[in-house]
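Alright, structures below, take your time with them.
Below are two complexes that have chain A in common, paired first with chain B and then with chain C.
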Partner chain A sequence: MAKTKIAAPSAASYRRRQMLITLLPLLALGVLFAALCAVVSTKGYRLDMYLEIIFNEGVVLAIVATGAIFIYTLGSFDISLGASTLFSAALGVQTYNATGSLPLMILVIFAVAIGCSLLSSVLASVFHIPVFVTTVAMMSVLSAIAAQIITTYGGALGGISIPGEVVKPLDKPWIKIVILIAFAALCVFIFNFTKIGRRQKFLGGNPVCAQLTGIDLNKYAIIAFVMAGLGVGIGAFLTLVYTPSVNTGTASSIGMNIIVAIVFGGMPISGGARSRIYAALVGGFSYILLNNILMLLIEGNAGYGISQIISAVFFLAVVYVTGINYRTQTLPR
Partner chain B sequence: MRKSIKKALAMLAASALTLTMLAGCGSTASAPAASSPASTPASAPAEAGQDEPAAPSGDPVKIGVLVADVSGEEALGFRSYYENYIASNYNVQLLYTDQLEDAAGERAAIEKFAAQGAQAIISFSSSDRAMQIETCADNELYYAVASGMLDDAQYEQYKSNPWFVGQVGPSMDTEFEAGKAMGEYFKQKGATKIAMYGAFIPNPMHVYRAAGVLVGLGATYGGASDKDAIVGQIFGDQGIDVSKVTADGVELVAYFQGFGDTTTDELNAAIQAAPDAFLSVGMATTFFTQQLNTAGIEFSDIDSFTSGNAEAMANGKLVYLAGKYSSSVGPIFAAVLDAVNGNAIRDAEGNALSVSQSYLVATDSATFDKYFTADKGDSPIFSKDVLDTVIGADVSYDDFVALVEADRS
Partner chain C sequence: MAQPILEMKGIHKRFATTVALNGVDLTVYPGEIRGLIGENGSGKSTISSIAAGMLKADAGEMTFLGKPWAPANMVEALEHGFGMIVQEQGTVPGISIAENIFLGDIDQFSKGPFVDRKAMLAAARKVLERVGMDKVDPALPMAALDIQDRKLVEIAKVIAREPDIFVVDETTTALSQIGREKIYELMREQKAADKSVLFISHDLDELLQTCDTLTVLRDGNLIRSFTKEEFDPDAIRTSMIGRELQGDYYRSDSTPTRQDGIALAAEHLTLGEELQDVSLTLYKGEIVGIGGLSQCGMHTLGKVLFGAQKPQQGRVTVNGTAIIGEAVAMKQGIGYVAKDRDVESLCLSASIQDNIAVAGMERYAIRDFLILENRERAYVDKQIGDLSVKCAGRDQQVSQLSGGNKQKVVFGKWIGRGSDILILDCPTRGVDIGVKQAMYQLMTRLKNEGKSILMISEEMPELIGMCDRLLVMKDGRVTKEFARGPEMVDTEIIKYMI
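Let's turn to the complex of A and B:
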């Protein structure tokens, strides 16, 4: 009986496949961008305005999700990032209204964002419980405190705000682009060119093995949460730049959107070696583009529901496509 | 592996094709008018050259509508009036948002409407109305608040903005008076044991209504009996502290607030207290109708004229409803259309409209049906004939106020 010989894929063909699959999210982003341009132009709407709106909608999600990549790389999960953004922005507003100082407001926003993130991490370490459990608790606590602040000080307006002219000079696309690029560059450097990123991928891929080699999970978890906190701080600040007010609904959807963005960007939620910083950027803007395309195409009262269903189908399709990459017989290189 | 990649690429291609197909099936809305009337400042109405309402031909006037509630029966009533009655009687295209949750969503929606060639915005969303006005002004869109009011300081700040058309809805004073009338009704009816539901206090609307109820019942709160002092204390307490309520001949036996699904125990405790009446300042008809009907406790609410409330009044224990009706948002549409047509209505000082609109009150099914069934048909309370009296070049501020404030009962 003749034996069937299974040839191992050559290194070159493996790299080609990896490259192709790696580029799929970028390809999808390009397709979505082209589709948006086509739809907007077909309808006779102003494309320049739409592109700016979509950038404004996507930039906060992309930045917060980029910071969150460090947490997701560890195979962990943080559902409190939206609440943390709301809480940081609320305290920032209160600080400005008490002091009239923009630098102090920014300082408080970043201190609170990083502090909240660290608290989740430290609580998990102290009580030896999964990080995502502490983040669920943090989400409830931060939302409740923020709601209390907003309803107490918001009075008849139902929200708290700073004068629009304080942040309006900063509400320029080029400023946001610079911030986005700077933060992404910082994250890429830490993630790809230092041992922090490599060890975090190792911890996410195989935590037992990583710890047996002497890698301290708590240390790298704290670093991950600091980076996520930094992203939340920038996100909270840009939220105030876009609209100088905070109400209980502010940033409420960010927590879930981050997961969608990361998946759309082609990164596995389980983290590990296939984690990529750019997944958040690509996925965040892809998700916003998809939403806007669907909103434009499906008008009327049923539009929202249909858009959600189609988004869910896309979500599953992307998970399937990216999942192909994980079902190889070869370990990731 | 290669097969899998082909599958993946096929899936992407299919997705792209799906999008293309959807594009083909989508709305074929015409391109925005080349010369948008919105680019004409309100200060130069004559240059717009349109004295009459937009004729039902030519490019429709595009109006964006911001909504924070897409499923409530009241919100659907407003939408039905605009989409089914207004859109078929005037040459307008009404563009609706999805459910807006925060100020960022409101700003993005306004900018998208601007990109779509809208000429005006009517807002039912209140996360940040100051930002809404500023965004509309930046994009040269007329802006109006429907079914609500800015707070006094905000109105003062923006009333001279030429893009701010105005606001029509219950003012905080009207909310207080609505609560007061409800309290007085039950006091005159002889109710002595009262249970009260504060809805979403510290939501300002509910705070003012609750203060009105206490005054209507003849109660003092923390020793205070005037509106402002009571309102201030309720804001401070973030609710009503039953121990601070004092009233001759009336006892507040239970009080609670919050979402219906989180207040089951409080509702049961209130029912156990066997009150003569259950007074709500909002949302009780959504959350508690069945339980109160079963318990046989008469109740009241400040809500809207909906089919659910019609049933509760006809066959349940709902005995008093102060409510909005679907066509109550008609006058603000007329004001917006006037502004787009270059005939913006301003007061004597050139300020934006600010007209408080009262609730209609029903205490029996016949009255309820008059406001509900009739308003839904082809001749709503604010019908085309009525609205046309304030659409045109010769409409004065006083004409508009008279229309809104006329007794509709």
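Let's turn to the complex of A and C:
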């Protein structure tokens, strides 16, 4: 090793570097957006059409991921969120078709979404098992029941639906943006300006220490799952607003996509103190943008598979880079 | 003099804004026990971690056994004869004791594609005997052991490889006197075999007794090396902190004092073999010490008093309220500083602000719910200022702090919320002499303010120096109570410990 004189960076330059790291996901989102515009224009496709698709997919993913941040902050994850979205939407459709009432449909969607989420956390609490284990079981159960409902009532159509005109008035970008902002604002408030969010971050960072600081894991896990359920409810409703039909593939990949989106947004998969709500918003749209860019670039039958592989490599790279930043700052214990 | 076993020249290392090492030279010779001392954050653990492959230097040169040395990790270092026992947790909780001992070297028990578990357990038993753990089943999971036994297993893991150099990084703070004697014996064996030891500790007395040479680091710089003939405690202390210690170290009074009124009462606490019918009363403005060997039940007692463990029989009360959980304890004004600081008292990945603020939200939250950043910052800054936490700012991650400053953060967490009763389990474990003095002075100040302190400790001098009363525990029972005064001396106390 060569001998060199080392000077410590000033606190201000250190903060600048940390700020830059914090802003990187936002920068990546901008780059991905520019890349999409470039790819679409190179291919000669209509940009407005792609932006509409990305917006509608992105809003649902970002909202469900925003609610899920509360679970991920605890260092846990919920793989059943996609199945829960599908199940809520399916029961919402059935409710509307049985009663013709939109408010009742919305009520059922939210009740089912929050109920499914709560059930996962309560089961984990009662049986003293990690919560992600119960979510794996929930995913299987909810997918199976939803599939049964859809195939039973959908028949040859392969899906169940409500009349398009029922939700068509709500299928407007500004309404979705308002819903997204309102839900994100609620989550930011709870996360950053109340004892709930602070304690959840601490629990995720060190549950043993949190318990010895008087923080009840079960209580905060239940709150986290209620928030995630709320996100699932909104996501399920917006899915129906966008396409008023539900089939067995609806929202099926949301559970996994959330994991990738949150990491893309700059939040560690282990949760804790570095958890951020904006990671879900930025990461959700980044993931959808990346996916669409890859699908555009790699056309043909292999396109989906290759784009998934590239997304996975990208995911690993982001996890590695964020890990380096943390490890190099840690003094020996 | 013989060729050095380890030679490090001009080692530089920094972490974020902290310069941990600034061109430090260190040489260790065969048959030498070299002590390394310095305040928290002086760079002791960093330089030994670099030599052991746990960290990479930013600049500098290293040779080990006469050859250039740059181990990729601790496993590779150990394979080449460089064994290190780290300050905090160095074992894997999810696997067995035997698997921990032979971690990275399990191939020696290969039987085709399988591991000869019987042979591995037999070999583990032999190694455990060397560290005095002959009664421990090596098939047990590591998580079943307490902090002292985990540390002994780590020592066993290193000595099983017969290393040429054996680095002991503040390990003795986790050990009882018996454990310490064991490790001193292993060091002497190492020296007798013409091998080396690098011994890092804050306990100057044990360094003076054990070492041949002593190197002092301060703020990442090498200050001075002392040979055995030059050993002078005052000169070493002054080198360490760069000034002479001002004011009293322990309490200056020699009689017990307290205010009227009971702060906490425990009646007939029983929990397995760890606690057997333990009763105690803690008065306002009183410091009560709990002393004994590590396994005597005193650490469990601390947890039970805080409501973190439920006794099978008996109860703890404060102002007539039964303490049935941590949240209740906190509501009644109890704070708890755990022995296992990095696991039980701090969230290492969080900032200083997060760690201090989390326990005191009731103090600054509006309507006990709404958190405003400016109020939280003011609350945290006050604790940082009052306790003189050496940091780059409240946003700095706690994992970047030295042991002493981490402990100050833990104190800030509990003092800031205005705890009237503090249960301190080994409060000065792994902290340097300057921080220790600051903590003793803080405890004295809190006592004078009418706060009550229950200090659990394995260090007899601090128990004698600080307590109004001392309860000695053995096998889960209180065997003797001493009042502050001429009778509270170590020769008398130890009779009731062993």
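Odds and ends about this structure:
Going forward, the second predicted complex is superposed on the first by the 317 of 333 C-alpha atoms of A that agree within 3 Å, B and C clash if a C-alpha of one lies under 4 Å from a C-alpha of the other, contacts with A are read in each partner's own complex, and residues count from 1 in each chain.
As a working rule, a residue touches a chain if its C-beta (ideal position, glycine included) is under 8 Å from a C-beta of that chain, and two chains touch if they have at least 3 such contacts.
Fair warning: this is a prediction, and the values are worked out from it, not measured in the lab.
Contacts of A:Glu57 after superposition: chain B is touched, whereas chain C is not reached.
In the superposition on chain A, A:Gly272 makes contact with chain C only, not with chain B. When the shared chain is aligned, no partner comes close enough to touch A:Ser76: not chain B, not chain C. In the superposition on chain A, A:Val321 makes contact with chain B only, while chain C stays out of contact range. Between chain B and chain C, B touches the greater number of residues of chain A. In the superposition on chain A, contact of A:Thr152 is made with chain B only, not with chain C. Look at A:Ser120: by the touch rule set out above, it reaches neither chain B nor chain C. By the document's definition of touching, neither partner reaches A:Gln94: not chain B, not chain C.
Within the superposed three-chain model, A:Ser253 lies in touch with chain B and out of touch with chain C [touch as defined at top]. Under the contact criterion defined above, the residues of chain A that touch both chain B in one complex and chain C in the other are 9, 328.
Chain B meets chain A in the complex at residues 1-2, 4-5, 7-8, 11-12, 15-16, 19-20, 22-23, 25-27, 29-32, 70, 79, 95-96, 98-99, 101-104, 106-108, 111-112, 114-117, 126-128, 130-131, 134, 151, 154, 172, 202-204, 235, 238.
Against chain C, the residues of chain A that register as touching in their complex are 1-11, 14-15, 192-195, 198-199, 201-202, 205-206, 208-216, 270, 272-274, 326, 328-333.
Against chain A, the residues of chain C that register as touching in their complex are 10, 12-20, 22-23, 45-46, 49, 54-55, 57-62, 70, 86-89, 306, 308, 325-327, 329-330, 336, 338, 342-351, 354, 357-359, 361, 365, 368-372, 392-393, 395, 397, 399-402, 413. Against chain B, the residues of chain A that register as touching in their complex are 9, 17, 20-21, 24, 27-28, 31, 35, 38-40, 42-46, 49-50, 52-53, 56-57, 60, 151-152, 155-159, 161, 164, 239, 242-247, 249-253, 293-301, 303-304, 307, 314, 317, 320-321, 324, 327-328.
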